[in-house]
Each structure stands twice: as structure tokens, then as C-alpha cells.
């Protein structure tokens, strides 16, 4: 129900109300009203037919780096 | 790009290492508390993800991952379902709603059965689809039954605004939308529960921001972690919560940084504020919770199904033997229910917790009914 | 002139029915048993046990990426015979046409059905056409029944499945279900995924010839997907089945789209897949053979059979990449479109 | 509690489908080949040529005086095999259920189908269930396919029909079509006429045993009635057929109702009738035997075969009581209800 | 009781005797005229009965039984069919009509094809059924297309009156009803035809009475016999006509006494007079015939489909090669038409005469296409 | 189209608008407005759902008698 899936914006329709998004080759049209600042190329989370948030890749990579560091530290420490 | 990131977030090797670390930390916490920590995942999508990835089973000896009332379908009240079924019987009406709502039992029947008997009930994936149906059927009343928490409510709000802009007078919202904090406040202080910390709903937080949850540490002295949904995100959120508890730091932190901002999504919050008022809400299991239901503002009354098609609110008793109420509160698990998997199952649910993909009973039925 | 379409009178058994049969059906099917339009086809059968099956096809949309209802109607029935160890020989084809259905679409479906049958080496030997009022059908529904012959000595069945056996599949799962889903009114998304719809009798015949002993059982995971089919196997044998989530061949596009929709590819239908239960020592050899066949390039071993708790009690579990186990249940009442 | 009815999920191949199959279908059909719910039934066949046929039943209403769609679905297919000279052995049964169809009605139909099959001595060995959305079906449609075996040496067919042969029928014509018509929405009248729906394999087997030489050809005059069936015979053989209007067995009630509606009983469907082409010298003997059988009490010789003008050109004429001749054509586009 | 009578009326032995007598008398007439007499059966039901019983074949050497324009379906004009098809396309409209009307070709399509493409067109057996549909669908416009001569027109009239009594504002009559004498007057004086006598329509006469036809002898000097439909009735009517001609008595007599009275059915005639006005009518084949069409009176305009849903009258050309016009006039037979049975057949009619069960082309196709 | 079939009136509904008629065992309901004088037991001709005329059995028997006389006279005369 509260599922949200990441997709890349490939086109924004005139007026900015709708956008085309792509996810692993699957394309669909979603509402864009809730993330008016989004632009083509952004990754967004899509929920109930609307893009609801722009994904922050840097933050994602930071998380990954943090985990890897923690785990290698733990290993090193073990 | 994000594809690669997702793959890493699901990396089995990294996951197993992370699980090891989490277990070790949780065991330290168990030692400290003298019992396994009680961690509640409020959100049904978390409930499902934790079961599906096997994390609940993997961590069972180390932490009690309790499922909370965070499935918007499950907390919908009989009274509302009965009223929606009554609206489905109106000549010419089309009910549009999310697939999960179809099987929620009212006091006598479900939308799914009414559809089979001839009611025009359509499954949509978005409120936008319901609005499109209204455009295609200008002579019929389309009632969109919106259910969901803060993640979903803004999508219904902007759809109603679009209907207003289009001057569409045959589109109506039946709002079952609810906000989460009042339910938490009603639930968490319960001394039976002994909740030590909360995994906070990641997708609600997209909209609300992390700061929304500060009341937990401030008012209840509970730590919380906003969690994502990938295996590594779930494990690292549990890890973070264990750290907070070990450090006795009862703060709310964000472990879903790729999606959740401090301030949330201001556009979405604005849309909710423009369209909805808070009223008391009927929560299945919790009863009436003040200021928890999102209902359209009076100026949007022409698009409000409850105003436009007023119906008596008759109360109805929940089915005999169903423990949904206790399960939604986290006080019981589905295994405590005598009907679980014997009389109540996803194909023929007795209570709403067995309906939604994220309902606690449905999730446990689907993924944890037997253990290996 | 408006496009020609099916009228109720095409189904009254009179002049228009005869014309339809002559101009559309007999133009594409030309088995001698059909030409006379007698009540039943008379046929010669080779030695062996008779295998007999039926399926009705009500898929929506009628034309989908990778196939159409005509191709599906042959593949579905041919595959049921093939996975039973039979050589499929003869089909019947019965059509329910909705008043108003365009004749051009009908012809396309019939041509596809005939082509698929001829490619699979089976003959359509009897048919039927009914027309129902508008609003009592959906374009066209097709029933096919098929017969084949199981060569003497061939023995596949639940009784041959044993703990320790491996579960194999000849390729990626969920393709058909997802391709259909993407065309469902109200979902509609663009996807590069095509249905896997194909006739498997060539592949199964090859397998059974090469591995007459090691192949214990086969089944095509259609409606309800791999999960439901394996549950049927577990319940019928009383054995447990453990799948390795990591080993399941799933197209990235299918996985991605399933996540968008909140679905699990293991519950999506397949129409060109076979689940094979085989002796574990033969797994590598079977995989090697499968991967050389055009319909087996992505074949994989996906799990194993273990001792269970008795008939009616067999269960299917999935081992997650993290090492946890979870139940893999039967499909239970999802609002899915008509996929076959 | 509202009456239980078919939901879409009964057709998704998952838990509800399984329950439906167990609780309704398997309770009424209990052939060993069915019990395992495998992909195909494996069967042993006696010697002889295989006869194979299919028909879909879309009759409306589902329950009619003298029968129901379940009984019809067996009779239609058994009769097609029987008139081909085969001993009917095995049936498949495939159901298309409309969302909302009451389970109680389904059970009644299934029970009737099972009962009729068992009375006719045939086994239902494979099945299928599909569920379509409300408004895409009409309660239930049933397809049956059947196989039987034609004993060695038995030879019926167009090629055996000769000028001078007699045409016989085993009883009154038009009963089924009229019974259905009387229940058609918009016509509805009360009639004592019941459908003749019955399985004929007992009768045909007896005839073929007693008159292996004299019986040249048989056919069941279903959709399109006696007139259409005889036209098919005339066209396929190139011979003419002359019917004697006076000799046609037609119930007074059927004749009367047909006149009310402006219809001709010769175009009304039958579901328990067989047209027999036989050597003229055997007519009396055959009639005597037929009239001793419960399904042949009103048997009559109704016409004869004459030299015609060649294949595709054979014609059917009716000699009126006044002695005039008129054409008896195929049915051509009457707005009739779904009668089978 | 009547059952026994009907049996006698169909008695083959009596019939064959009667046929012998008729033949003998007709041969005397042939001698007298120096050619076979030309007898026109005006009525399509007679055309069908004469073919079906084999009487046309039996009497062929002795009399030329010509088929007239007496099939109400056949004489319906393209213009009207096109307009009815246009009405079928109106959103929410239901067209209710007799089965035969379904296949009448308009200039591009038929009601049957439009139904297959989604128009709501229903076959009824009675105008009462159409009124019942209107009762069951109060929100939709039900347009009953009434076709038929004096026999049928009164049934439509009393149904409209019933709709008025019920205050039913969604029931409309599209009247294609026509009266027969103007067509006879337009047709019979044609010197090409050389009609010697008329078999008068038995069922029209039920309503109109025998006296209705006196204009034939008075104005045209033609004898006529009101005929029934059973074999013996048909033969005895031909016999009576032969007698009149032999006696050179150009009168109109009634040979269908069990059903037809001198004065007809006054209740039915009154109903027609109350509801209908005579206007010029479009007859396929005959063109415009003054004062031949029955249209609702102005005070019934709210129930008149043509008034309520006005549409332009576009003229349309009949299909190329179709001889319906000449056939309706009795000047040609279907065998003269190059399309007959080769391009035009009941399953796919080109002209309207191939549509109705009583259409001349359909009747000849069905019963007389080949001879033995 | 102008078909009319004989049936016997078996019952007249209240108001006299509709009647039940029977023909060779087949029963149906028809409009009676056009023959208001008809009574139970009468034979009527039914057309397009309405009784349109009452049949006169005497006249029918007269016809039969006349034909039989004519034919026997003809035979006698032949």
C-alpha cells in the first residue's frame, strides 16, 4: 500500500503535471505535482501514481560507504 | 546508476555481514535489558519486507520485531466499509479504489463480492486513474475511496484539486486517509507493550520529514529510526536503533537518507494542508482517535463523498474471535488468533489484517505460517 | 463499408456459420478429418497410453507482446501434454465469439493458432464455433483439447519424486504474466518484456529421450506461477521444496516491474516454461542440454526436494539471500487480469 | 449471509481455484485420472480408430425444461461420437464462469453433467476452469471434448450414402429448440414441450450392432435443425434429398408454437435426435428396433435420397401434403436464442 | 375444437381434390382469356404460404400467381432505415423493433450490424414488449419502430395510448405503418401488369372488413377475394376468384369468413383513427404515395420519435442492380434479378425483399430457388 | 409479419387489458384492448402480441361444409 518504487524521469509533459518515468526498462506516466522541482534525469520514488520524492544518490552512496567501512572495521576488529 | 545502488543494497554477502553485526549488538542489548528488546515496525510495508527477506526469522533470537498498526487498509473501520458498500449500490455509481480495499470485510460483505454481484467497483493504482474514469463517464458519479497515511493523502489532495480545476462535478473523494502520530500516541504508552524503540515508516517520512517524529523522544522518551526497505537498509536501521538503545540515546534519527529529508516534501505537506482538516478517526482496533483522520475541508464539500451522499453511520460489531484489534496494537501476534490459517486466510479473510498485502496476519500467513 | 464483424447469425449453425467455417477456419486448418465437417474426426493413434487434456483461453488482451490468444491456445494444451511425457498429436479448437468481433481479428487469431500448431507438429482435427450476444463474451475465447501418446515405458509422475531431487526451470520466470499485466486496462505501462509463450514439446521430448531415468516429473507453471505449481507438487507428494531465491532466473525488467506493482514474479504466469524435477546427480548434464535448446538458454537449478510432513502437508519454502526462510504459498486472490 | 458466488479469484489458479475444484468439481467427478490434477489424463484405449470431437455449450437459459447446460454438454459431445459410429469413452470438461455466478447453480450444473456422463458410460478425465469479469460471460459456458473408439470394420460416412436410401429419424423434431425458445427473454410463453436432450450412444450402438450393413450414415440434427443437417448431407454427397412433409414427426404443441412465432420446426434444434440414412429395404426392420428403444418410440421414415447434380450441388426438397415441392434450405440468419 | 377445424383445413385429401377442381376451373379461364390469368396476392404472408404449401408450383401451368408489394418490411424506405440507424447511435437510446426489421439494409448498414457494433437494438414480438422495456429503463429513450399495415397499426396505436395513460415520457413510436389501398391504386392500373384479379390480404381485412375493398370493383373494375392462409382456404379463394372471372362478376367477396367480418374490427379502426393521420408515404419501389403513411397525430407529438428526435431526411440510392422496386410492383420476379441467389441471399440481403420472411425474393429463395 | 395465429382465451386479467391465451398447449399473455367484447373460451387471432379478431367457428364449419359439398358434387358430377 505504501510501496514506493524508484524510477528515472525521462520526460516531463507540458504544464509539468505529468512525467514519464522509467524503471528497469519499464515506462509509465506519473503525476509530478508533488515534486515540482524534479527534472529529467532525476530518480524519484513513485507512490500511487505520483512521484513523491527525489532520490538523493549521494546520500545512497554515503550509506553504502558507511556500511562498508563499519563492516570492514568490524572484520578488522574481529 | 540507481540500479547499481539497489544491487549493492541487496548484496547477500554485505547483508550477511551486516546481519552478523546486528545480532552481536542486539545480544549486547539483550544482556543489558535482561530480555530481548521490543522493536515495533509501525509500517505494514516494513512488516512485509522484514518477513519477505527472512530478517524476522534471522533476528528472532535477538530481538522481538513487533508489527504495529501501520497498514491503512487494516485500520479502516467496518462502519466506513459498510458505507462504501452502500454507495456502491447507488444507481450509476462507480467506486474506484486500491486493490487491497476490495477484500476488506464490512459487516456482511466486501466490495469484491458486491462487484461480483453487479456493483461497478474498479481497482485503480492511482487517484489519477479514478479521475480519468470520471472524465470518461460524465453522467455517472465516481467515488474514489482514498486510503493511506501521509504518503498517500497528498496524492488524493492534488487529484481533488485537479478535479476542481477541471470543474469535474462527478468526482468524489471518500477519504479514509489518516495520519500516524495520534495512533502512536494512543498506542505506545500502553504498559503491556514495553516498546523499546520504533522503526519509523520510511515512505510516510518522505513526505513528513524526519523532524515529524521528534515527539517520540520528546514526549515518550522513545528512540526511533526512519528506515528504508532494502535488506541492508532494514538491517542497518535495526543496528542504529540498537546503538541508540545501547547508548541510552532516545533520539530520532534518519537511516533512509537517500529518500528522506529533514523537512520532508513541502509541496506535499502544503497540498494536505490546503485540502484536509483533521477530525477524529475510527481506527479498527484502536477505536476513535482524536484528530487523526484527514477529511476534505468544508470548501471542498462538493467533492466530498461523505457530504454529497450522506448515510447513517451504523456501528457494526467486528467478527467473533478476530483479534485484529489486539494485533494492530502489537499486543498479540497472528499466532495467538484461533482463526489464523484455520477459517481466516488471505483468500477468504475474516479480519482486515488478513486482507492487505501488508496486513500483519496476511504477512505472517504468507511468509511465516510455518517455519523450517 | 463498415468493417465486417461477427453477427449472431454467424453462430446459428446456418448459412453464415458455414461461410465462416469455410472462409476462415478451413482456410487455415486443412487436416483431412476436418474437411468433411463431420461430427467427429476419425484418427489413427500410435501405440502407447493416451494422454488427454483441455484448457480454455480467455486472455485479455487478445494480442500481446510475444503472442496472441491463438498461439497461447496451442501452446497451453501442447505443453500440458508435453510435460506429461506425451507426444502431442491432435487438437480440437472451439471458439466462443462475441457479436461484433471484427472478422479481421478472428482471422489473425485463427492463422496464428494454425501456424503454432503446425510448428509444434500437431493437427487441429475438430472444431466448434459459437456466437454470444455482445456483453456476454469478450471478443473471442478459445478452448483447445488435445490428445497425445505416451510411449511405452515412459513413467513420469508424483510417485517418482524423491527427497534430494533437484528442481530446474528452463528459463526466466514471470515473463508472460508481466507482459499481460502491462497491457491491462488501468495499469498500462510500456515494457520491453514479451510473453514467453511457446510450445515445449520439442524440448521435453529431447529431455525425456536423453534422460529417461533422471527426469522424474515435469509441470508447466502457468496460472499461479512457479509458486503455485510447486505448492501443488509439495501437497501432492507430501514432500517439502526449498527454493533458492538467489538462483531464480528473473529478468531484471520483470523484477523491476513486479516491484512497481507490488507483485512477486514467482506468482506470475509462464507459458513457455517447464519445471523439471530431476535426480540431483543429473542436474549439470540436464542444464547443459537445456541451455543448448533455444527455449532453455536461461535454464537454472532453482531448488531441491526435501523430506516433508506427508501428503497434503508438503510445503514450499524460499531461502532468502540473507539465509532466512520464508513460506512460498499458493496464490491467494490477487486482483490479476486474465492471463491465459 | 449473501449467497456465495463466483469471484474473479476463483479463476486465478490459486487457493480459491483449488478450493472450487476440490469442493465442487472433484466431488462430482471421480475418475482416477482427475484426482491427481495433473496436466493431462493418461488413459488406456481399446483397439480401433480414435474418434475425437468438441463442442462448446452457451445455451440460455442454463436450466430449461428437460435439461440444463450440464446435461447438454455431455449429450452434445457423446452424440457426436455416437453418430460417428464410435463408442464414446472419455470427456474433458472446461468451464468459463462469469464473476457473480452463484456457486449453488454451478454445483447443480456440475452434478447434472456428472450424472449424465455416468449414465452414458463415459468418464470425465480432464477439466479446466476460467473466470471472466462480469459482463464478459453469461453465467457459465461449458466446452466438452470427447474421444471414443470406432470398432474395426465399422464404416459410416458420406461415401456410403446412395440414391434410393431412406432417411429416418428416431422421434419428434424441434422439441429442444422450442423448449429453449419458450424461455427466451422477450418471448416467454408456457409450453408443455420439454427438450429432448439425451445421450444416444446406447441407441446408436444397438443399431450398428443389429444393422452393420444397412445403416450408412448418421448425424445428430442439432443447431440449424433437420433442414440444415440434411443440407450438409446433400451438399457433401451431391445427392438430393426429398422429405415428405406428412411423415415428419412433429409434436402438435411444437407445431402450434412454431406457427405462433412464424418458425418452422425443421429449423429448430434437437439434442436427442439422430438422422439415419439407411438402405431402403431395411427401413421397416430398423423402425421396429428403434421403436422399442425409449429414445426411439416416435421413430419415422421421413424421406429418401435421390440422384442429384453433384458435390456442392445436392439439394433438399420437401414434398407438401398437396403434392407440391419446395426447397428446404439451410437456416439463414434468423434471430434465434442460444440453443446449445 | 378449432384444432379439429384447422386439421380439416389442412387435410391433404380434401386439398388435392380442391386443387383438381381449381385447376379445371383455371383452365377454363385460360381458354377464355387466351392466356393464364394474372392473379396478384398483395400480401406477403400469402406469398409465403402459397410457396410453402407448394400451391404456386402446383398451379403454375394454370394461373400466374404474382406477388405484390404486401410486405411492410420490404416497402420501408432507405431514408427511414438510415434515420432509425442514426437514432440507434444516440447515447442511451434503445431501439425496439420486430425481428425482420433488423436486417433491412439502409444505405450503408443494418440495425443488426449496428447492434453487433454496440448499439442497443432489441427484437420484440409486440409493441407491448417495447413499452415494458421503457418501464424497466425509465432513464433511457425507447424508440419502438412500428412497421406493418392495417393489421399492425392498431396495436401500435393502443400501445401509444397506454404510454400516454401511464405518463411514460421515454417511450416513442417511429411509425412506418402504412395503409394498403393507396399502394394498390398506384400499382394496379399499370398497363404492364395486366392483373385480372386480387387475392386480398386476410389479416388486413380482419381489421378493415371486406367492404374496405369495394373500391377495387368500383374504381378499377377488378374482382377480389379476401383469402385465408390454410391450404384449403388459399385454394378455395383462387377458386372463387376464377369463378368471379368466369362469370365476369368483378365483385369483392370474402372467402375468409371465420375471421373477416363485413365491418372489420371497429375497436381497432377507432384506435387507428384516434392516433394516426394519413400523410404521404415513402414506399420502396413505388416512391412517394400520397395519403398512405400512418403518422401520429400532432397531439401525440411527445410520443412521436420523428418529432422528438428530428433528423434530416437524406435521400439515398437503392443498391445497384437491385430490382426490388419492379418486384414489389409485380412487374418482375426474383428470377429476373441478376443478384438473386448470387450476391443477394437471406443471410446477406442486398434489397429488402430478400429480408423479410414474407419478402418476395426471400420467399422465392427459400422455397422456389430450384425446382424439382 | 402479418402472421396471426388462433388461440383460445383462458383468462382475462383485471381491467380487461390483457388476456391469457392457449394454443396447442402453449400459453401466453396478449393484449385484449382491440377485442374488448372477447370472453373466456373464445378463439381469437393473435397478431403482434394482441388479439385482433374473434374467430367464428360456425363460419369455419360452414366453409368446410361448403367445400365438402362442392367437392362431392364435383365428384358425383365427374
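Some notes on this structure:
Read from first to last, the chains carry the letters A, B, C, D, E and F; within each, the first residue is number 1.
In this text, contacts are C-beta pairs under 8 Å (C-beta built on N, C-alpha and C of every residue); 3 or more make two chains touch, one makes a residue touch a chain.
Predicted model, so just to flag it, every value in this text is computed and none were measured.
Between subunit C and subunit D, the least number of touch steps comes to 1. Counting steps between touching chains, the shortest path from subunit A to subunit E takes 2. Distance from subunit B peaks, on a Cα-centroid basis, for F.
Of all chain pairs, the one linked by the most C-beta contacts is C-D. Centroids of subunit A and subunit F (each the mean of its C-alpha atoms) stand 83 Å apart. In whole angstrom, the spacing between the mean C-alpha positions of subunit C and subunit E is 56.
In terms of their C-alpha centroids, the spacing between subunit C and subunit F amounts to 62 Å.
Averaging Cα coordinates per chain places subunit E and subunit F 21 Å apart.
The set of subunit F residues touching two or more other chains comprises 3, 24. Residue numbers of subunit E whose C-beta contacts span two or more other chains: 3, 112, 125, 129, 345-348, 357. Among the residues of subunit C, those in touch with two or more other chains are 7-9, 14-16, 252, 262, 329, 332-335.
By the touch criterion given at the top, residues 186-187, 240, 242, 246, 252, 261-262, 315, 317, 319-327, 329, 332-335 of subunit C touch subunit B in their complex.
Residue ranges of subunit B in contact with subunit C, taken from their complex: 3, 10, 12, 15-16, 19, 51-58, 99, 102-103, 112, 122-125, 129, 231, 345-348, 357, 365-372. Those residues of subunit F that touch subunit D in the shared complex are 3, 5, 7, 23-28, 46. Residues 108-109, 112-113, 115-118, 345-348 of subunit E touch subunit C in their complex. Residue ranges of subunit D in contact with subunit F, taken from their complex: 182, 188-193, 252-253, 255-257, 259-260, 262.
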